[in-house]
Structures are given as C-alpha cells and as structure tokens.
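Here the chain labels run A, B, C, D and E in written order, and each chain numbers its own residues starting at 1.
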Amino acid sequence: MTVTYTLDVATSKFSSFTRLLLRWRGSLWKAVYPELSLWLILYFVLSAVYRFALNEDQKLVFENVTYFCYKYTDFIPLTFILGFFVSLVVQRWWDMFQNIGWVDNAALYIAAYIEGTDDTTRMIRRNIVRFMVLVQAMVFRDISVPIRRRFPTMETLQAAGFMSEVERKILTDLAVPSAKYSMPIQWAMALIVDARKNGRIANDYAVHDLFDRLREYRSNLGKLTCYDWVPVPLLYTQVVFLTVRAYFLTCIMGRQYVQDSHHSDLNSPIDLYIPFLTILQFVFYIGWMKVAEALVNPMGDDDDDFEVNWLLDRNLRVGLSVVDNVANRRPPLEKDVFWA
Amino acid sequence: MTVTYTLDVATSKFSSFTRLLLRWRGSLWKAVYPELSLWLILYFVLSAVYRFALNEDQKLVFENVTYFCYKYTDFIPLTFILGFFVSLVVQRWWDMFQNIGWVDNAALYIAAYIEGTDDTTRMIRRNIVRFMVLVQAMVFRDISVPIRRRFPTMETLQAAGFMSEVERKILTDLAVPSAKYSMPIQWAMALIVDARKNGRIANDYAVHDLFDRLREYRSNLGKLTCYDWVPVPLLYTQVVFLTVRAYFLTCIMGRQYVQDSHHSDLNSPIDLYIPFLTILQFVFYIGWMKVAEALVNPMGDDDDDFEVNWLLDRNLRVGLSVVDNVANRRPPLEKDVFWA
Amino acid sequence: MTVTYTLDVATSKFSSFTRLLLRWRGSLWKAVYPELSLWLILYFVLSAVYRFALNEDQKLVFENVTYFCYKYTDFIPLTFILGFFVSLVVQRWWDMFQNIGWVDNAALYIAAYIEGTDDTTRMIRRNIVRFMVLVQAMVFRDISVPIRRRFPTMETLQAAGFMSEVERKILTDLAVPSAKYSMPIQWAMALIVDARKNGRIANDYAVHDLFDRLREYRSNLGKLTCYDWVPVPLLYTQVVFLTVRAYFLTCIMGRQYVQDSHHSDLNSPIDLYIPFLTILQFVFYIGWMKVAEALVNPMGDDDDDFEVNWLLDRNLRVGLSVVDNVANRRPPLEKDVFWA
Amino acid sequence: MTVTYTLDVATSKFSSFTRLLLRWRGSLWKAVYPELSLWLILYFVLSAVYRFALNEDQKLVFENVTYFCYKYTDFIPLTFILGFFVSLVVQRWWDMFQNIGWVDNAALYIAAYIEGTDDTTRMIRRNIVRFMVLVQAMVFRDISVPIRRRFPTMETLQAAGFMSEVERKILTDLAVPSAKYSMPIQWAMALIVDARKNGRIANDYAVHDLFDRLREYRSNLGKLTCYDWVPVPLLYTQVVFLTVRAYFLTCIMGRQYVQDSHHSDLNSPIDLYIPFLTILQFVFYIGWMKVAEALVNPMGDDDDDFEVNWLLDRNLRVGLSVVDNVANRRPPLEKDVFWA
Amino acid sequence: MTVTYTLDVATSKFSSFTRLLLRWRGSLWKAVYPELSLWLILYFVLSAVYRFALNEDQKLVFENVTYFCYKYTDFIPLTFILGFFVSLVVQRWWDMFQNIGWVDNAALYIAAYIEGTDDTTRMIRRNIVRFMVLVQAMVFRDISVPIRRRFPTMETLQAAGFMSEVERKILTDLAVPSAKYSMPIQWAMALIVDARKNGRIANDYAVHDLFDRLREYRSNLGKLTCYDWVPVPLLYTQVVFLTVRAYFLTCIMGRQYVQDSHHSDLNSPIDLYIPFLTILQFVFYIGWMKVAEALVNPMGDDDDDFEVNWLLDRNLRVGLSVVDNVANRRPPLEKDVFWA
C-alpha cells in the first residue's frame, strides 16, 4: 500500500522531520534492518575472530587483507550509478502510476450522453462501466501479484461480479487469447453504437467523445502492460544491485578495527567496537538502493506499491454510482449567494 | 505564500544579487537559522568542555574522537543524492502547480456558447462556474492544511457560498462518498445537456467543447490529488533528510579545533573559535535540503507554498465575472488605427 | 535581446570556436569582467599588504589564515549544485520561450474561416488579431521590465494603437480587475459567435477551430504568467548565488602566494604574482553561474533575454497583414513544373 | 527477446535479489564474461612474465610502467560520461518502444464504425488491418536485423500473407520508391472513403476518427524510422565505448601485483594472485557500458531487444480477430450483480 | 550528412565495437585529430626545449612551472559541466530533428479528402503539397548554411520549381516581409476552402482535418526557427568550449616529463617521450566536447548534421507522388490468405 505522509510535511520544520523519521511502514528502518543485521553479525564475528582467535602472524595477514579491502573499495563509485538508476526507476514508477486507469472521466461522459431512466438504458450505462473495470481486472491479474492472488482464475473474477458466465465463456473461448483484453472494450463500443441507433445517444459527436474516453482508458492500461513487459534491462538492475552489495561485502573486512597496523591511513585513533559511521554509510547506500528495489515493480507487495486492490473496487463502485440514477440527485437551479 | 522576486533579477547585476540576499520571507536565512543556532550551541558547548573542563587524558580521547569523525565524514556523499532528490522534488512541485486548476478557459467557453441575458441562462452559467470551484474547494480541503483550517466542515463551504444547502445534503448523503468529487461536475454537465435541449446552446459541437473544458479541469484536480496520495516514497525522503542531518551531527565533533593533535591533517593552523567555513558548508547543504523540505508538500504553510486560498477566491470571482453580463461590456466594432 | 550565433557554428572547426570567443554582446567576458575586476583588486591589495606591510609575526598569521582558507574551500562542492541549478533554470527559460505567444496560427485560421472583403468583415478579422496582441501587451507589462518601461500606463497602450478609448475604459472599470486579461479574448470570441450568426463563418466546426486557436494562445500567456508568478524558489537561488560568491571570497585569501609556509601542500613552486589558474577557475564558475543569473528572469534587460518588444510589434504587424486583403494576394492555380 | 523479470521483484527482499542474480539470459554475466575472460588471460600472462621470465632490471622497468599506469588511470572519469550516456540511450530505447506500433486502437474503431457482416464489409475491415501490419513489416525490414533475415525480399512478405501479388507489384513499381511506406495507409484511407460513400460508415465523424487512428499508427512508425536513421551521434558512442576499454587496457598493467616497489602507494600488502577488486570494478564498468551497447540498437539480436517478430504476428492475428465476426461474440445485455 | 551505424550495433559484441571504431565519417578520429596534432606539436616543442636548450637554472624554472600547472589543473572540473552541457545540446538537437517537417501525413489526407482525377483537382492537390515544401525551403534557407548555399536567392528557388514567377513576386513584394513564411500556407488553406465550396471536399470535417495537418506542419517549422533564433545562451557555450581548451593548454606544460623534480608527486617513474595517457585524456574530453560542437547547430555542414537537402527533395517528390493519380494505383478488394 502507498504510504502517504504529506500532511506530516505541510511545513518545513524540525518537528516534521522527527515525525517523518518515527514512521515504520514504508520506512528506511523497515527496509534496511534485515540486511543491516546480517552485515553486523558478519562484522562482529570477524572482529571477534581477530581479537580472540588469531595469533600474531595470522593477525598480520588479517591486517593486510583489511588494508587491501579498505584501500580498493573506492574504486567503485556507487553514488553516481545509484543516482542515475534511482532517477530512472522513479520516473518509470510515476509513469506507471499515471497510466493506472481511472474510470471517472468515462463515467461522467456516459452519464451525460446516454440519457434515460428505463432499465435498458441503465443496463447499458452500467455494463459499459463494468466492462471497463473488467479489462483493468484482467490486466492487473497479469502484472500484479496481489491481484493474481485474489483472482487466481477467471472464475473468481466472475464470482466477484466483474463478469457474467456468458461473458467469461466468450473470453475464454477466443481463438486468439490475447484479444481478450480488447474484447470488453469492443462490447462497450458496440453498446454505444447501438445506443446511438436507438436514439439513446443524441448525436454522432457524443459517440466520438465516448469512444475517445474508452480509448484513453484502454491505452493507459496498454502502456501499463508495456512497462511490465519491458522492464528496466535486467543487466542494469543487476549491475546496480550487485555492486552496492559487493561494496559492503568488501567493507566487512575493510572497516575492521585493527591494532598497530603498518598502514598509517588505516589506523583509526580509537577502537569504537561498533562501526558507527560505516553503519550510517550502510543505511545511506542500502536505503537509497532500496528506493529502487521497492519501485522497480510497483505492482507488487511492498509497502510503497500501488493499492491496486483498492483501486479496482473503487473504480467499480464509483463508476457504477456515477452512471446510475443521475436524475434524482440533481439540485434545483437556484441563484447563488453572490448574485447581483 | 509564493515569494515572487523576478523583478529583482530583471538584469544580472551584482546589485540584484545583493537585493536577493536581503530578503527574509522564503529566504535561506529564515530556513536555516533555527537548525544552525541549535548546531552552533552544541558546537560551542563541546568546544568549551574541551577547552576548560577536560584534563590531558580526556583531551586525548576527545582529540581521537574528533579525528575519527573528521576522517570518516567524507564517506557520505551528500551532494549527489541532494542533487537528484531536489531535482525530483522540484519537478513534482512544478507539475503540481501546473495542475492546480484555473477556471478561465472554461468560463470563456461558457460565456461564448451559452448565450442569453435572462435569469435562467445567467443562473446556468454561474452555476457551472460555481460547481467547478466547489470541486476545487473540496479537493483542496483534503490536500491542503490552510484550506482545511479555513473550511473544517462541509457546512463552512456552504456558508462561504460555494454551495447551497440542498447541494451539500446531496453530497454528504451519497452512498459512495468518494463520488462526491465528481458530482458537481456531473451537475454542470447535466446543465449543459439541458441548455442544449432548450436551445440555449446552438449546436452539438459546443457541448463537446464545454465537456472538454470541464474534463480538462477535473483531470487536473485529479492529478493533483494523485500527487498528494502517492508522494515521493517515504524511504527516499528519509534517506536524504536523515543523511544530511547525520552528517552535521558528526561534524559537531569532527570540526572542533583541537591543539597538538597527533593527526597532522586535522591540525588547523589557527584557532578561529568560530568555525566560519563549516557554517558556510552548513548553510549550503541544509539550505539545499530545505529547498526539498519546503517543496515536498507545496500545499502546506511554508513561505514558498502555493497560495491556494487566494486561488480559490480568485477562481470564483473571475469565473463569475467572466460568465456574467457579457453583453453590456462589449466595445463597438471600430476600425483600428492601423487601418489602411 | 537574444544573441544569435548559430551561423558561426555551422561547422565544428577551430575557427568557429575563435569567432565565438571574440563576441562581446551576451558573452562570457561581458558577464564576468565586473566581478572579476573587483576580485582581482581585493586580491592584489591583500597580496601587497602581505609583501610590503607585514612583519614576520604578522606574516605568520597571514600564512596560517591562507592555509586555513586554502584547505577548507573544497568543503563546498560548487560543480554539482551549479550543474543541477543551471539545468533547472535553462529548462524553465526554454519553457517560457515556448509559451511566449505567436498569433500566426490564429491569424491563418481567421483569414481562412472568416471570409469577405467588406469593411465589417475586415474589421472583425483585424479586431480579433488586435485583441490577441492586446492581451499579450497587458501580460508583458506585468512581467517584463522593458515593456513596462515602454507602456507605463494603460493610456500608453491605447496611444500605441493596441486598443481604443472605449476598450480601455471597459478594461479599467472592471469590477474584478484580474478579469481584464481574459476580456479581450472574450470580445474576440463574441465577434466569432456573431460572425457565425451572420453567416460570415460557414459552419460550427470553424467556430470550434477558431476558439481552439484563441484558447491555445491564451493558455500560453497564462503559463507565461505562472512562470513569473512562481519562480524558482528563492531559497534555491540564494543558496547557489551565495555559495559561489562565498567560495571566491574565501579564495581571495586561500590562493595568495606565501613564502616559506610550514604547510607543504600550500607551497607553490613559483611566485607568479598573477593567479592565472584561479582566474581561469573564476571565469569558469562565475561564468557558469551567470548563465543561471541571466536566464532566471528572461523577460528582463539582459543581453540574452527575449526580445519581447520586437515580438509584440511583429505579432501585430504580421497578424494584421495575414488577415487582411487575402483575396488580392493569391496566385492563379497553375500546373507546377513537375507536372507529368 | 525482452527479458521480463518483474514477477521476481514483486517484493523487495533479499531472496528476490538472489533470484535476479541467478538468471543468465540478458544478464550481466552473459554480457560481461567474454571480455572479462580476455582481460584475465592478458592479465595473467603479464603477471607470469613478471614473476618467472624477467630479471631484476627488467622487473624494475615493469614496476615503473605499472606505477605509471596505476597513477594516471584516474585521469579518465568514466562514471560521469557513462551516467549521462546510459541515460540518453535508455531514454531513446524507451521512446522507440513507445512508437513500435500497436494496431489495437485502430482495430477497435474499425470494428465499431464499419458495420456489416457481408463479405465485402469483412474484406474492407480485414484489409485495412492487413495494410497497417504490412507497413509495419516493411518498416521493420529496414531497421531490424531479425526481420530482415526472416523477410529478405518483398516476395517473402507476400508469401507470408502480408500482401497479395497485385499489391506487391504496385509497391515495387512505384516511381518514387520511398512512397511505398505510405502506400498501404493510402489504400486503407481510400477503403474508408469508399465505405463512407456506400453507407457502410454512418457519418463523417467516423471517417475522421478512423483517419486519426491510422495517422497515429503511421506517425509512430515514422518516428521509429527516424530513431534508426539518426542514431546517437557516432562520435559520442565512440568516445564512451573507447574510453571504457582504454581504461581497462591500462589497468592490465596498472593493477599488477609487484614486489618491493619504490612507490609506496602502489604497494599492495598482500599478493592475492587474483585481482578480486579489479574484477569487481571491471564487472561494474563494463556491465554498465553493456547496458548502453545492448540498447543502442534495440531492434537487433540482443537478449534485451524488442521482440519484433512476435509483435508483427501478434498485430496481424489480434487485429484480424478484433475486426472479424464481431456480431457473434457479443454477450446479451443483462443486469449486473450489483444492480439495486 | 547523418551517419547511420545502427546495423553495425545490431548485437552487442566485441566485433561490432571494432567495426564502430574503424569508421571515419562523423567519427571521433576525424573530429579530434586537428586539435590533437596541434597540441602534440606544442608539447614536443616544449619538451625538446627542456631537454636540449635549457641550462640547469632554466630547467629548474621549467620544472617549477610544470609542477604549478600539474597541481592546479584539477581546479577545473570538466566532467561535470561537459555532462550537463552535452545533455542539453543533445536534447535540443533531437527536438530540432522532431520538428524538421515531413509532408507525409498532410499528403495522405489531401489525397484521401480531395477527390477527383480532373486536372484542376490534381493541380489543387499538387499545389498544396508544393506550397508546404516551399515554406520549408524558405525556412531552411534562413537557418541552414548548405541550403542557403544551394538557394542563395528567391530566384533560385523559383528556378528549382518550388514556386512560379507570380508566386515569387507576391512573396517578395509583401509589405511585411516576415509574413512571407505564412503566405504559402495561407494559399493552401484558401485552396482548401475553395475546394470545399466547389464540392471537391465532401464535408466540413475534412476541412478541419486538412487545416490541422497544415498547422501541425507549420508549427513544426516555426519551432525549428525558434531553435535557431534562440540558441543555447552564448555565455554557456563559451564557458564550456573555453574551459576545456584552457585545461589542455595548461596540460601542455603540466604533463611534461621532467627529471629530478623536487616535487615527488610529479615524478613519473619512466620517461615515455610520448604522453600516452594524456593523449587518451585529450581524446576523451575533446571528443566529448566535439559532440556538443557538432550538434549545437545541426543545420550546418558537419558530418552528423541533418540531411536537409535530401529532405527537401524527398518531401517534394514523395508528397507529389502521394497526392497524384491515386486512383490508378489501388489494388482490387480481395480476401486475404487468412480468410476463414
């Protein structure tokens, strides 16, 4: 689920910063703690081995390895690749969100253009909205783990009221299976054409406008599928995720406190036991990388992923509500209070 | 409120730079001084402790800690993450501003397409504009602290003239509460359909155009809500805000002036008492971060946040003015002075 | 005025580079020399004081301060913030330019759709164009210093032929002053509606097209105003402009040539008297910053600012020319030379 | 073929990271191993020469060269140029993908607007879709190696059913050969105009809508060709690909383990035989560069290139399926389960 | 001319890289060699002076200057400004390319909407296309050196068949010269209005559609002119081009091999005579800068500039071909091979 915190940062004050830090869901702490714990355990084990288990000669080897790791870790410029990669992932994430599909515009047009309070007209209006949400549900099943879990089969979609038995049969019996994502839109368009013929829609413009809304909606869902189908090249993702982790793997040795080293620039003046600043660095880099890890597939289960389940229900509920019973919810035409 | 300073920088001169620096509202100084004061107090307390309270052995420990902090702070590359993060936040801030919602285009079309000076036609025109602003007011209530403060309840919106009692009742009694953000637009569309039927609108194309304006406006407000609903991932915000502050927390120790240190590169040649250059660095980094802090929620109370209150009133006032009494404010058709 | 130099760089050759460097208007040299002179004077004064006025003890203090400044200036990473800030400013500058408003498209549509050579039709066509330019003139008065200087009052706009006396009165007497920016567009739309009624425009579709052009134009000017109203956050501008200057203020001391310093890495092998490479660095950083300073308000007086005065006159002249006397400037329909 | 791995990263967990790393197709490992092997062989040969073949004097020269290479490699800042270049290439790659051409929208409009179950109407519908895919096939032949391999001649396109013999003859006999990419679109438009004349299309607006869909599709393919015709400037590509490789060529010497060097900062404390960290660095930089290398021409044969063959077949199959036999796949109009 | 090399990089292999490097036209080698030669000559002259002409004292001065230059060159961070500048220039270059103007869409609409095989109708169709290309030719003359060279006067445009004598006279006699860029579009629009009146165009929508295509085309050319008129601010270009060259000017001294220097970090272990790694660095930085230099005016003569001459001819040829003799190039309506 999305983590909204905008009200906490309404003003830029120190207290808002503190409030921000104390959150858990979708937070840095929650993202970083598993790998940080693992890292710390490895670090302390090695530290203990050095302090208690090794003799002088072995200690010398240990110190040399530490120095080696310490010196060469800065060959890997993490910041830069992380900066560019996170930028790319954040941009894709937002693009996906903008194509996630809202029925509101279409529903408003349907309600305004397809007039009539008889049952057939209501059925037409409601069916068009339902067909739109059905496409969304089918698309989401393919790209979102939580929706797939909720609707493992087409039958479950039918059971949830997204389609009737007849409709499900038509969709599953299609000769070209991938045509099924357009089929409900096609039904909706056919309903509109019929409504125009029966005079339920007053003019040809209206048909064009309704088609435009449906096309907009369908194109959004199409783009969403494309983002899922063609992700950030695997190669790029691997380079980033691997390098950051390899860096900290090297740091387990390279940041050890060692006594009497021959290497002056490794010599830390004090033995802190706990590597405070390396932990800070860990939180910084791994936290930054986790932004990318969480957003690279925003249709998943992470705290910050889109609330697709909610959206599906909301689209159906709001869509049906907008197109239904318009007439009995209109206020009378009155003068406003500023009338002069 | 937005801080406009463009006239000060009409030309790129040294004096414009000076004028820029002397501003207080929305300025660097105002943003930085609270945390800078806190930082300086901590710095001077530690400095005093070192100079007056510690004995030689303790001083040695102090110096070692200082050296440790001094040496490892550059593990954290602030500039890069700040650069990318501020870019992201500034872009979102501007996108939000572009979707903030202006009624002007719609009002001009309403005035041009729905002709007539009788009271009913005027009511139709005025009501459509009012419905548009009403949606904006309801949306702003959800995402902006100042507007929420001004209109804590739907009743206060009614009292301010944004809606009538009947309208408020319909909106609050909706079975699907979140449909209320589309409802006034639906009323406006219904008014337009009626006006077309009564011949107040001359042709079907005008209906399409008016619907287009309403849709544009509603989509803008929808996108605005999305920006509020799905903010920059909390994780990212936390990483940035935390790292910058952790950096300067470390600097409190790491930038202390210490005498006779064993660590040659820490040795400052002169004891300045006041850490001038670290203060400059503080102003630089914290100031840069404050840009992000102020813009991450531009619907809030900061100096640089959008003037949403003003916008709401302006939209209502200008909108009503544009659609009303068009006829008696037209100049006669005359030849211009360049007529040949 | 804009500085066009594209012909100089038609090919990428060394000579084009030289030609580029020898320009003065809008150039690096013109932008940098005032502050560079100031900086050099301060530098040489301090240098002279050190060389001729100080005794040994004072020299030692001087050297220590120099070392201190030399060492800590690299705490401030100018390049990064400059890179991001200049990117932002350049992007806004170009966006503003793209919304600056051209009447050409509208004029072509007016000429094609509103046919007739009688005086009334000509007046309609010319008035619509004039109204468009009038809005631009009023908007420019608010956001551009040179235009404000040229047209300090609405009367001067009238005197320049942008509006008649009656029009000016209507605009200044409006109950809601900020509605005046839409008013001339509203007049233009009313003229179009009238022309349709009188049959001067042949079909409803043309009305829609003409409205579209007007809306496009008005929206552009609206966006332009927004860029002026909501500039780059003051805070950001201050951080950048201040840091760059503070850096070079520190360099006045930090780059002094000092003899026999105790600080080996400060020791310059030769006394060049003139700090060549620091000057180069100054030109580089201040020049880069000047790009931002000049573009942050492109409606001002800088060499590189948009030629708004020219644009206003050009829009009026070209617009009126396009819509006028269309008929007598058409070539006869002939076969082209490639006819087969 | 595109490598889809989004399901693997549904949640940000350590196990997803491991699964990511274990892939082979389109992976870092597959991209990096050939050049890494080559590099390692050269490295070990030189290392063996140094250890076993050289006498003391020769060793000294070897050590000097090593030191020279070690010291100067950091003159070349790879990260920055790679960051910007990969950003550019990734953006172009995504833009190309967005213009790759889907027939779905057009097919839906054709099915809705051109009604009738007689053979002629079906032929019209099917031919329009086929003409669209034909253009795509011809464009892909020019810019994609796999498609060119599959369809080396126009005859093979005919054999695959994309066009008839007559059509092929017309296309190959055109006086202006490059007009052939528009020709099938022109046929489709002519079919639509005919259908409107025969009353198969009910109104003029539908013609406009259908033309819009065709134009959209054709413009996409046009843009795609432009991306192929005007690639990233060769110069830029060369700079990046050359520099990265020159860097590692230098590293073959510069990262050798040498004993008793006079150059203290070269001295590695331990002889690891295998240059672990340089290998990591190699994987990092070459991997990053391979992202650009694979995406710079996404119509090729790489693992991550677009599946153009599949797309072509899919467009034909889905397109024909959508426009055909609409009538007998429509569900009856029924009340939905939420009906109240 | 554009250098297309996409087929060479169809797969990411080492051999493709080699093929890429061996090209000459538009290549790094061609771009870099003149300045590199110059630089090397200066370098060797100085080197020879040092080795053979100077006595010991002079050598000491030489060494000091070398050390000074060596030490301070890293004050100038080339990478960053180059990264941002090249990004900006590449983006503008691509935007220009996207607005370069193709007649295809317009021609297809003209062919479909303006029906008839009589000479007058053909003349109308051909003239509209010709008028479009004429505008392009006039615009290109102003912004492109090769086109200006090919068409130095309006008479040469007439001679090449882009316009008739009458047309040229009208254009050159215009009271407002800059209106001439809209005039041919205006003629085209008038032809369309006439064709609608004579029934050659069947409905008002078609007029709107045709106007849309013309407007799109004209707006593209307008934007292209804007890119030429308002280039990247001169200041910015100067900063970048100057700094890179100043850097390498300093390197001529700073990278000299000097014996027995007092400055340990300058000491190179071996005398290579040829500064291999500085040459690599030169190729890297100057090559990167040349990307910007070549693209900053893509309408010029560089290898990588747009092929405007070819485009002009192609637009005329393809445009005329598309609109002409449509009827006799249509295939009969047949069943496709997938018909079931």
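Everything that follows uses one rule, which is that a residue touches a chain if its C-beta (ideal position, glycine included) is under 8 Å from a C-beta of that chain, and two chains touch if they have at least 3 such contacts.
Everything quoted here is computed from the prediction, not taken from an experiment.
Fewest steps needed to get from chain A to chain D, stepping only to touching chains, is 1. For the pair chain A and chain E, the CA-based superposition corresponds to a rotation of 145 degrees in steps of 5.
If you average the CA atoms of chain B and of chain D, the two centres end up 39 Å from each other. A straight line joining the Cα centres of chain D and chain E is 24 Å long. Residue positions 31, 80, 83, 87, 205, 208, 290, 294 of chain E each touch two or more of the other chains. If you sketch which chains touch which, the chains form one closed loop in which each chain touches exactly two neighbours.
The ring sequence of chains is given as B, C, E, D, A, with chain B as the starting point and chain C next. Residues 31, 34-35, 61, 63-65, 67-69, 71-73, 75-77, 80-81, 83-84, 87-88, 119-120, 123-124, 126-127, 130, 143, 145, 161, 164, 166-167, 170, 174-176, 178-179, 182-183, 185-187, 189-193, 204-205, 207-208, 211, 215, 218-219, 222-223, 226, 228-231, 233-239, 241-243, 245-246, 250, 262-263, 290, 293-294, 296-297, 299-302, 316, 320 of chain D are the ones touching chain E in the complex. Taken in their complex, chain D has these residues touching chain A: 2-7, 9-12, 14, 16-17, 20-21, 23, 26-28, 31, 79-80, 82-83, 86-87, 90, 97-98, 102, 104-105, 107-109, 111-112, 115, 202-203, 205-206, 208-209, 268-270, 272, 277-278, 280-281, 283-284, 287-288, 290-291, 294-295, 304, 306, 314, 317-318, 321-322, 326, 329-339.
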